[in-house]
Each structure stands twice: as C-alpha cells, then as structure tokens.
Amino acid sequence: MTVLFHVRMDVSLPHDLDPHRRTELVQAEKDRMLELQNLGVWPHLWRVVGHNSTIAVLDVPSNDELHAFLSSLPLWEFTRVEVTPLATHPSDVDAQP
Amino acid sequence: MTVLFHVRMDVSLPHDLDPHRRTELVQAEKDRMLELQNLGVWPHLWRVVGHNSTIAVLDVPSNDELHAFLSSLPLWEFTRVEVTPLATHPSDVDAQP
Amino acid sequence: MTVLFHVRMDVSLPHDLDPHRRTELVQAEKDRMLELQNLGVWPHLWRVVGHNSTIAVLDVPSNDELHAFLSSLPLWEFTRVEVTPLATHPSDVDAQP
Amino acid sequence: MTVLFHVRMDVSLPHDLDPHRRTELVQAEKDRMLELQNLGVWPHLWRVVGHNSTIAVLDVPSNDELHAFLSSLPLWEFTRVEVTPLATHPSDVDAQP
Amino acid sequence: MTVLFHVRMDVSLPHDLDPHRRTELVQAEKDRMLELQNLGVWPHLWRVVGHNSTIAVLDVPSNDELHAFLSSLPLWEFTRVEVTPLATHPSDVDAQP
Amino acid sequence: MTVLFHVRMDVSLPHDLDPHRRTELVQAEKDRMLELQNLGVWPHLWRVVGHNSTIAVLDVPSNDELHAFLSSLPLWEFTRVEVTPLATHPSDVDAQP
Amino acid sequence: MTVLFHVRMDVSLPHDLDPHRRTELVQAEKDRMLELQNLGVWPHLWRVVGHNSTIAVLDVPSNDELHAFLSSLPLWEFTRVEVTPLATHPSDVDAQP
Amino acid sequence: MTVLFHVRMDVSLPHDLDPHRRTELVQAEKDRMLELQNLGVWPHLWRVVGHNSTIAVLDVPSNDELHAFLSSLPLWEFTRVEVTPLATHPSDVDAQP
Amino acid sequence: MTVLFHVRMDVSLPHDLDPHRRTELVQAEKDRMLELQNLGVWPHLWRVVGHNSTIAVLDVPSNDELHAFLSSLPLWEFTRVEVTPLATHPSDVDAQP
Amino acid sequence: MTVLFHVRMDVSLPHDLDPHRRTELVQAEKDRMLELQNLGVWPHLWRVVGHNSTIAVLDVPSNDELHAFLSSLPLWEFTRVEVTPLATHPSDVDAQP
C-alpha cells in the first residue's frame, strides 16, 4: 500500500548566499529530484508559471518516508512546503465501477 | 498546442437547497466531469482528503475553452475555483535531454 | 500499516436549522464519533476551549478510508476540516534508539 | 494561437545590495522589458501608484514561454509575481456578434 | 485630463435570487458595460478564467465619476470591487523619450 | 482639477542601517514632507498611535504626479504604501445641495 | 480635551432586506451622519471609490462617546467598523515650533 | 489554583432573528455576564470601541470550567471567541521581588 | 479625563544583535515599563503564554501621550504594536446603575 | 490539578547561523525536549510532515509553568509558537458516564 500526497514547494534562496554554494545546491536539488522520481515515489511534477515553485504528486509508503524524502532535498532549508493528502476522486473515470 | 493548468475546486452547497435539486445537480456534475475526462482535456483529478474539493490538472486548447469547460460544470455557481498555470519542470525526469 | 493524521474540525450550525433536526444531528454525530473511536482509528480527541471545535488524531489504514470516516460524520456538511499528516518526532522519548 | 495572462510584479530590492550592482540590474531590467515589448508578447504595462510594482498583460505562445520570459527578467530574483489567466469577456464591445 | 484605474470586479449572486430577476440583472449589467465602453471610459476588460470576475482598466475624468460609473452597474450590490490607481510605466516602450 | 487619495505609509527601517545615514534620511524625509505640504498637495496628515506610520490625504493633479511625490520621499525604499482613491461623500454636510 | 480617531466603515446590506425598510434606514443613516457633523465631532468624511464605504476622522470627548456615536448610526448593525487612534504628526506643517 | 485567560468575544446576530427572541437573548446574555462576574471568575471586561465585542480577562479553576462558562452564555451560538492564555509578566510592578 | 486602550506588543529581536546591546536593551525596557506603571498610566499587563509578547491596558491623558509612552520603550524599534480603544462595558458589574 | 494545552512549534533557523552553534542548539533542543517528556508534562509530540515543526500536547501545573517550559527550549528564539487550550471532549469514549 502507498499513500498519495499533493506537495507544493516554494523555494526562496537568500540573495547573499555564496554563488558557488548556490550553484552546487541547485544542481544537488535537481539530482535528488531525479533520483526520487527514479525510485517511483514521485509520479508527477510541474513548474508553477512565474514562480520558483513546484507542484508535485508523491506516492509514498508512509508519512515518515514522505517526511524523509522531502527533508532530504538539498534546498529543503530554503523551501516552504505545503502537504495535502489526496484520495481517489468519486468522478475519476478510471475509478468507475 | 495545448495549455496546462492546475485547478482546485471547493464546492459548498447551501444547506437550504432543495434536496431533490441537490441530488440532480450532484449527479449532473459527475456526468459532466466524466464527459470532460472522455474529451481528453482532464488528465488528472483527485479528492482532497476531508474536503468536498477536487484538485485537477487540465490540458486545454485555450484559456477561453478552459473557462468554458469550468463554467459548464453544473455546480459552478457553488464552487470556489483557483487556477494556476503550469509549465514543464526543469527537473522532470521525462524532460531531460 | 496505518497513517497518522492531525484533524481539526470546526462545526458551525446554521441558526435557522430546524431544532428537532439539530438535536438529531448532534446526537448522531456523537454516536458516530464513539463508533469510530471503538473501531480503533481515533486514538485522541479534545475540545478546543471556547469553540465548537475538535482537535483529533486519527490513525487510519489509508487516505481513502480517512476521507470515508470524516465524510461519514453526520455534521460533515456543517464542518470545516483541516487535515495535517503527522510523522514520528525525532525527539519523541518513545522513538529513541 | 497565443495565451493571455495578467501579471502583477512587485519588486523588492534588499537595502544592502551593492549600489553599483543595483544600478546595473535596474537598467538591465528596463532593457529586457523594452525588448519583450518589441517582441510583441507584452501589449500592456502600467506602474501601480505608490509601489515599485508593475501590472502587465502578456500575450504568449505557451505557458513554458511565459515562464521563460518572466524568469529572464534581471530582477526576477527580487520580484514577487502573481499570474492570472485571462479570457475574452462576454461583455467586451469588440467581442459582440 | 483623465485618471487611469485598474478595477477587479468579483460578482457573487445569492443562490436564492428570483431567477427572473437574475436574468434581468445580468442582461442589464451587460448593457451598462457596453454603454460605458461606448462612452470611451473603459478601454480594456477581460474575464478572469474560472471566476465570475472582470479585470478592467478605466480611464475617467475624476474619482467622483469613477465611483458613479461603478455604482451604476446593475450588479453593483453583488460585486466586490478592488480599485488600483495606475501611472505611466517608466519602461513602457511608448513612454520612452 | 485634482484627484484625492488616502495614503497610509508604514516605515520600517532595517536595524543594521548605519546610524548616521538613518539620522540623515529621517531628517530629509521630514523636510520633504513639509515641502510637499507647502506645495498644497498634502492637506492632511496624522501619526497612527503606536506605529511608525502616517495616514495622509493627498490632493494631486494626476496619478503620475502622486507616484512622483510618493517615490520622492527619502524613506520611500523602506515604506509600505497603501493608496485608496477618495470621492465626495453623499452625506458630507458641505456637499449638500 | 478631545480624542482623534480614524474610522473606516464598510456597509453591507442583506439583499433580502425589505426594500421599504432599506430606504428608511439609508435615509436615517444620512440624517444621523449630518447631525453628528453638525455636533462638531466629525470633521472629515470621504467615500471610498468603488465601495459602499466611508473613511472618516472623528474628534470626540471620550472613547465611550465615540462608541455611543458609532452605535447610534441606523446602519450600525450592517457595518464593519475599523477604529484607528490618531496623534499629531511630527512632520505636520501646522505642528512645527 | 486558578488559570488566567484573555478572551475576546465578537457577537454577530443574524439580521433575520425574531426581534422578541433577540431582546430576550441580549438580556439573558447580560444577566449571565453579571452572574459570572459575581462568581469571581471574571475580573475584567471592556467594550471594544466600534464593535459589538468584549475583551475580557477570566480567572478560572480549569480549562473545562472555562469552556463551560463561555458556552453557557446565551449568545454563544452567535459569538466568535478567541482565547489566549496569560502568565505573570516579568515586568509587572506587582511581581517584582 | 483619561482614555483607555488595549495594547498588544510582540517583541522580535534580530538574532544578530550584539549580545551586550541586547542585554542592555532588555534591562532598559523593563526599567521603563516599571516607570510607566509607577506613573499610573499602565494599570494592567500580562505575558502571553508562549510568546515574547505583552497584553496591556493603558489609561492615558491623550492619544499623543499614548504614542509618546509607547515610542519611549527602548525595544520600540523591534516591537509590533496593536492598539485597540476600550470603552465601558454595558454588562460590567461595576457600571450598573 | 493540571491544565492541558495544544502547542504547535515552527522552527526557522537563520541560514547564516554559525554551523557549530547550530549543531549545538539542535542537540540542546532535543535534550531539553526529552527532559520535559521525562518530567511528565509532555504526553504527546509529533513531527508535522514536510515542516521543521512539532505538534505537541502539554499537561502542566499552571500557565506560568507552561511559559517557563516553552521559553526554556534552546531554539525558543527561532520558534513561532501557537498555544491552544484544550478541554475534555464530550464525545470522548473515555469521558462517557
């Protein structure tokens, strides 16, 4: 069994962050996001137009693992996260009897 | 070409709505939601746990058609809608070069 | 495996609700709350002082079942719900190695 | 086909930004805004009275390009952006049959 | 001389409004909006996608007349209005020396 | 003709601003405020009790000039401004026929 | 001695108020507002453009009398009130030594 | 031992409440408030200027009793309540060693 | 005559404030608070549980003096203040005829 | 007798905090949290998924002691705290007669 969550992540990097460190962190964030997708726990992600933000749908074994995945992101310290639990929609065409 | 949008819909029916009308409207809403999915403009939808709410991703030919689709929902009058334009995410594993 | 959620529920009954129906609904709500506790999915609940509100911790088999439990409450239509997923706290004395 | 968006941009420069860098960034922002207008994707822009803010209407080929245009602005890092999709108004005198 | 304003109007009709009165009011609103555009005080208007809302730019002889125009709209009583004064943008390509 | 605006200004100086620069800026702000009052564009101003804030009524030839006046204040960079257009009140004793 | 207050009043009349009662209340409100101005306790009032709202400055003998004046307004029951205490502004040209 | 709480209560009566019932409820509320003060659990109460609101300080034997006192107020159903726990202030002149 | 105000003060000290200066300021704040209480203008003050905040009731000769008292507090620059004018409560047991 | 409180704590460490000091503070916070649990005043605590936040239930002898416990946490200076008093829930299965 897995649990489905909608996660919005808004990243805000301090303007006085060392530029070298910034480049490293942004690359590491991308690497970790690809890694989590390859693990199969992150079926959907989109960029929010006009924002340094991500809307994602994660499908995880447990709440503890969701927290572990999110807090393993290298930009975690600079990210505002909003987690919304999802359920099957009664009008989803794939969920009709 | 199509345009991708994240749409959250929160339905709030007045408690003094005629019960017969309520049943009709809820069924008509479901029928229209299935119809729009079958049109291919509504790839994803989920129920928000604990709310009479839907999180959806729509993929539409234009803004005018998105507005036409949303306002064609029978519960439209009782729905608070929030529309967020989406773009390809630079860290989407399917968007890597 | 189960999933843990923090749920705040704020009930607001319309002042023009039929008094007989109100009494019935309030009693049915209490009965259903006791029933859910006896099912073992509702380990904690408290009254918020000064509000017609409940703070609860639910421990459920899945998101779909959490939504089913919450929407089975007779006052569901009159309740604003806020759901927050919980994980084990790293400083919980019972979670120390 | 193009897509129409209402965009509000609120710029907030850190007070401890190097004054030389600030002057460069502000000039580069102006140059890029003129360039985007000359590309034909930015039909309207106004200053919000009393704010270091812009209300704009953009007309773009796609959401991905809108995000690319906005994030290409040199002050992007210091700008809070709010994007609202627009459709034809049914009472627009130019849209009457 | 005229003064430029950005106006967002969100209409919310009570669900128990008499249907005949509703139809009359909606038609009268449209007629008045066309009339004001023909007066030349309303250069731009758009529908906000997913909302019963209008984003407009008005160009009026005075604040008193702006208030008179807005409060002459037949749905005025059911409309939440937000007025933002606009000025020439320093990076407007048409305002360059 | 002039246009009337209600303006609230909340000043927030960074605590690490150089003390000498702070003193200079505060004095320059006061000088400019007196100057604008002497120009006749600023008929009323009050201190908001308990805040480093001003409630003002300005009477200006145009929106562009209002923006120019406000952004000419030396503390402009550190000021949150809220502009509200005013009209004649129908119950103003001086506006009765 | 008197005390100075900034008061914003937003009136929102229920759409199902009896039309005759509405006309009476609106006229009574106007009469009372003129009366209070003639008492000398209400030096300034303006209409907020686009709103059924008033921005006022009142100059009253005490807080108890301010509350009595405001709650004596016939539309008081339908009015959201925001009261802000005012003091002499240190940069008011009339308050310079 | 007792526990100290700051309680703000904002009363909002529905405009279509039966006038006789309204008069009864308002009188009953006053009677109950006097009764609670005479019980010694309600040392301070003030009217918020411009609002049908009360700021109170209650000194109660327990949280359960505070909830019982507040929910025993006849206008409880029409009251928004905000409860803030208070402690001794380290700079209270009466709490100095 | 005096005027009664409810004042909430939330103090937020920058974490990079020089520790010696911090200690001095905190002590000076306490001294000034004791001084104002001894002046008789500050009848009540409490600590808000869980916050570096004060809820106070001040009884002052005028708005100008209230502003002077508040802005004389050494931590004023780091304090968010909320001022609410108070009146006699009609259900205060000490105000009954 | 003890008093029950729901406490949410959101920790936000400045990114420029000295890394050594950060490690020390985080360890000290954990030690103090374990200590308070061992004192018996802190029956429940959970991690909020996706946040550096804690939801806790504390059971304390008095408000003064609750404030003392919370402000004794080493990260207190960097923590936003929200305190909600709790009472016995009338539908708690353990509170039935």
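Per-chain numbering from 1; labels A, B, C, D, E, F, G, H, I and J assigned in written order.
The criterion applied here is as follows: contacts are C-beta pairs under 8 Å (C-beta built on N, C-alpha and C of every residue); 3 or more make two chains touch, one makes a residue touch a chain.
Quick caveat: nothing in here was measured; it's all calculated off a predicted structure.
*Asks:* What are the chains that chain C and chain E both touch?
*Replies:* Where chain C and chain E share a partner, that partner set is B.
*Asks:* Please tell me the distance, in whole Å, between the geometric centres of chain E and chain J computed from their C-alpha atoms.
*Replies:* The computed centroid separation for chain E versus chain J comes out at 50 Å.
*Asks:* Take the average of all CA coordinates in chain D, do the same for chain I, and state the distance between these two points in whole angstrom.
*Replies:* 44
*Asks:* In whole angstrom, how far does the Cα centroid of chain D sit from the Cα centroid of chain F?
*Replies:* 27
*Asks:* How many angstrom lie between the centres of chain F and chain G, each centre taken as the mean Cα position?
*Replies:* 22
*Asks:* Which chain J residues sit where two or more other chains touch them?
*Replies:* Residues 4, 16, 47, 49-50, 63, 66-67, 83-88 of chain J each touch two or more of the other chains.
*Asks:* How do the chains pair up in terms of touching? List each pair.
*Replies:* Chains touch in the following pairs: A-B, A-C, A-D, A-J, B-C, B-D, B-E, C-H, C-J, D-E, D-F, E-F, E-G, F-G, F-I, G-H, G-I, H-I, H-J, I-J.
*Asks:* Using the touch rule from the top, collect the residues of chain D that touch chain B in their complex.
*Replies:* Contacts found on chain D: 1, 3-5, 61-64, 66-67, 83-88.
*Asks:* Quick one: in the complex, what on chain A touches chain D?
*Replies:* 13, 15-16, 47, 49-51
*Asks:* Of all residues in chain E, which touch chain D in the complex?
*Replies:* Result: residues 4, 6, 29-30, 33-34, 37-38, 44-50, 54-55, 57, 84-93, 96 of chain E touch chain D.
*Asks:* Tell me, which parts of chain B touch chain E in their complex?
*Replies:* Those in contact with chain E are residues 5, 7, 14, 16-17, 63, 66-67, 70-71, 77-78, 81-83.
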